[in-house]
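Next up, some structures in C-alpha cells.
Common to both upcoming complexes is subunit A, partnered first by subunit B, then by subunit C.
Entry: the complex of A and B
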C-alpha cells in the first residue's frame, strides 16, 4: 500500500556539493551535522534544535552554524536571507517531505530555480495530509487511513503529493459505503 | 521547427541610422504578418542579379506589430552575406520574401530580473524585448557595448527605454563581470553580439555561480568563409563546389537544393545533415563533443570541410 505507483511522488538523491555554486547553504529540519559530501569549507549550516533538547545545554554553534528554536523561525529567517541574496547561492535541504517542499516554496518565491536547490528526505516519513473535502491540513500522519481533524471524514492517504502545498492528498475512504473503513496500517513512521 | 512558406512583402521604408546602419521596414503584400515572439528573427530572401541570399535578421518591431516588420542591418566591408545588396540596391517598393518569424531567444518566463547585454548590431533582438519587459513591469537592465563612434546612434535607438539602459563606449566601459557580480537571485542574463563578448558573458556568469539555465546566448548569423571545398550528394550523385566566401548551406541553396535551416547561425540544429565521408570543421553550437568527434553530422549553415571534399547524405 505504500507504493501506489503514483508519479507525483518525488525521488530524492543524496546531497552532494555542487561546485558550480559560490556560496552554499545547508538547511535541515533536524539537528545533526551536514553530510560529509557537503561539509567543506564555507558551508553554512542551519538546523533546528530539537524540542527534546529543551532545558539541556546545546553545544555551541561553530563557524557558519546556526540553530533555530523552531522550523517556523528558520523558515522566516530563510525568507529574509534569500531576499537579500545574490546569484551564485546553492541551497541544500534535508528533512521530512513537507519541510523540503515548504523550503522549496520559499526558495522559489525568492527566485531560486531547479538548478540551485537540492532536496533530500530524511527523518520521519510522517505525512502532511490535506483533506480534499474540507481542505484541512492534518500534520504528522503515519497511518494509511486517518480521521480528518477538520470534518471528521475517514481519509485514505493517497500517494498524490502536491509540491505547492507540500502535502499529500486525503480522500474519504467510505464514500460509497459509509462506515466501511478498513483497518489503518502504520505505513509512514 | 522547420518553417515553410514565405510571406511576400515589399520594402516600405529605409532609414539611415548611421553611415553603416540602416533600418528596413517591410509591409505585407496583403493582409497582416503573423505575430512574432520577443527576440524572434526572420529569414529574408534577397534576389540579387548574380546570386540569392537568405539571411537571418532579428525583428526590431514590437512583437504585436503585424502591419510591418523592421530589421536593422550593418553594411560590412567584406560582404559575403548580402549586406551590400541591402544597403546599396534595395529600394522602397522592392519585393522581398520573408520567412515566418521564429524565436530561439525567448524571455525566460520564470526570471525575476533580466540583464541584457548587447554588442554592436547584436542589440537588435533586445529591441523587441524592451516593449515586452516594460509592459510586464519586469525588472531589467540593458548594457550596450559599442565603439565610441556609435554610442550616439545606439543611444537614439534606446532612447525610449529610459534609465535602465547603459551604453558602454570603447573608452569607458564597465566589465561584464562587474555588471553580473551583484545581481539578486532569479536573475537571467541574455547576450547577443560578437562571439568574444558572448563567451565573456557566459564565462563571467558561470564563474560567479550562475546556473547554466540562467544564461542565454543568441548566435547571430555567424557564417564565416574559409577554404573552398566540394561536396558530393550521395543520393542524387551531384557534386557542388563551395567557394571561400560561401557557406555550405548557401552553396546547396544556390544549386537549387531545398536545404532546411532556421537560424543560419549554428544555434538551432535544424540544418544538421548526415556526413558519409570526409572530415568536418565544426563551427556550430549545437553538437556535443561526442557528436563532433563522431563526425557523422554537419551544421551546414556555419561548418565547413577540413578535408578537400565531403560526402553528404542528401
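Entry: the complex of A and C
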C-alpha cells in the first residue's frame, strides 16, 4: 500500500552544501538546527517555532538565525526576500512534503532554478490531497482513504504527486460501486 | 465531395452515436498482432496508412460538428480543461498556424485561410465561422489562440515545452480524455505525467520514447496508437467526472455488451513547432462499438485474442476488469483460431448489415 508503483513521487537525498553557491539559506518547517553538513560559516537558517510557543517568538541563538511564528509567515517573508536576491543563492529546504514543494514553487516564481534548490523530507508523512473531482485540498491526510471536505466523496489517496500543487491526487474509491468503501488504513503518520 | 457531417449526436446522457459503414472501415483498429503489450510504437506521420484515418495531418470525420459541440459543453462546465502556462504563447500561435494551414490544405471544401501579411482570414464552413485577425495579436481573436483553434478541432491537444533535456506538459485542451487530469498534470515532466502507467517504466519504454521525442524534427511529425475501452459512446471520461461515469462499468451484461462496450482508440500525433520549439501532441479519439467491430471478421477475432492474453496489470489500469470476461465470452464463439494477416487494415471493403 505504501508503494503503489507510481513514478511521479519525488525521491529525496540528504542535504549537502553546494560549494558553487555564494550565499546559503536553510529554511525548515521545524524548529531544530540545520544538519551539520550545511552548518558552516555564512549559513542563514530560518525555522518555525513549535506551536507550544503559542505565538511567542523565542529569540534565536546564533548569527544568521531567524524564527517565524508559522510556516505561512516564513513563506511570505521568503517571497519578499527572494524578490531582492541576485544570482548565487542556494536554498536548502527541510520539512513535510507539501512544505517542500510550496517553498519550491515560491523559489521558482522568483527565478531560482532546479539546480539551486535542495529538498529534504522530514517530520510528518501526512499528505495534502487534492480531490480530483471538486479540486478541494484536504490537508494533513494520514490514511489511505479520506472523506473529501469539499464534496464528501471518499477519496483513495493515489501516489500520483503534483509538485506544482504540492499535493497527491484523491479519487473517489467507490465511484463504480457507490457505497463500497473499504476500511481506511493509517499509512502516512 | 465534402464530408457529410452528422447532426444531433450526443456523447453523454441520452447517447446518440452512429458510424456509417465507411466510418467503421476507416477506424484505426489498434491491434496489428494477436497479443498486445506496451512498446515504443512510433512511426512517421506521413499521409496514407492502413485506413483513411491516416490520410491527413489532422483527421476530420463525420462526427466533427458534434464533437466540437461536445467540447463547448465540457468547457462551459469546466473551463479548467483548457489551460496554457503563460510562457507558452509562441507555441499557441504555432498551433493555430499548423492547424489552420493543415485543415485548409487537406479539406479545402470545408476550411479556408487567406493571408495578407499578418492579417489572416479564417473560414470554417461546417461551424459557420468567418474570422479576420492579426497573427501574433491575441486581442484580435475571441479567445487565446490555442483555445480558439482547438475548439474547432476533433480530439485533445497538449503542448510540451522542451528544456533541461525533458518535456513538460505546459498546456492543453483536454475534454475527451481517457481518465487523466490536465489540471493536475500541467507542468509535469515526461516521466511524472506517465507516473501511473504500469510496466512501461520498468521495460524502458518511457526512457526510449523521451529520447526519441527530444530529437523530433520540424516537418517530420510522428504518430502512434493507444487504446482503452469505454462504456457507452462517452467522450468525456475525465477523472473530474468519474463519479458520474464510473457506475457505467457495472452495467455491462451478456445481452447489452455489443451495444454498450466501445473500443476507444487514440491516434496520437507529435509535431515539432517552428518558433517555440515546443511539441504539439494531438490525441484524436475514435469510438467504435463492439457490435460494429464484429462486422469486420479480422477485427473481431483479433480483439478476442488480445483480450484473452492481455496482461492483468494493463486490464486493471485501463479499467476493463469488471467486464472483460463478458466481452471474451461474447466474442469466443466467433473466433475459429484461423491465422490472421499482420497489420491493422480490415481486409474487407464491404460490411455485413448491422
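Quick note on the criterion: the second predicted complex is superposed on the first by the 183 of 189 C-alpha atoms of A that agree within 3 Å, B and C clash if a C-alpha of one lies under 4 Å from a C-alpha of the other, contacts with A are read in each partner's own complex, and residues count from 1 in each chain.
We take it that a contact is a pair of C-beta atoms (placed from the backbone, for glycine too) under 8 Å apart; a residue touches a chain by one contact, two chains touch by 3 or more.
Just so we're clear, the structure is a prediction, and the values are computed from it rather than from any experiment.
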Combined model on subunit A: subunit C and subunit B, fit or clash: fit
Winner by number of subunit A residues touched, once subunit B and subunit C are compared: C
First (subunit B), second (subunit C), both or neither touched by A:160: second
Contacts of A:70 with subunit B and subunit C, given as first, second, both or neither: neither
C-alpha centroid angle, subunit C to subunit B via subunit A, nearest 10°: 60
Which superposed partner A:14 touches (first subunit B, second subunit C, both, neither): neither
First, second, both or neither for A:87, with subunit B first and subunit C second: first
First, second, both or neither for A:40, with subunit B first and subunit C second: neither
Touching partner for A:111 - first (subunit B), second (subunit C), both, neither: first
After fitting on chain A: smallest Cα gap, subunit B-subunit C, Å: 7
Where subunit A meets both subunit C and subunit B, residue numbers: 114
Subunit A - residues contacting subunit B, complex: 20-23, 82, 85-90, 110-116
Subunit A to subunit C touching residues, read off their complex: 5-9, 114, 130, 132-133, 135, 153, 158-165, 169, 171-172, 175-178
For the subunit C and subunit A complex, residues of the former touching the latter: 80, 164, 181, 183-188, 191-196, 198, 201, 239-243, 246-247, 249-250, 322
Residue ranges of subunit B touching subunit A (in the complex, touch as defined): 110-113, 180-187, 205-206, 208-214
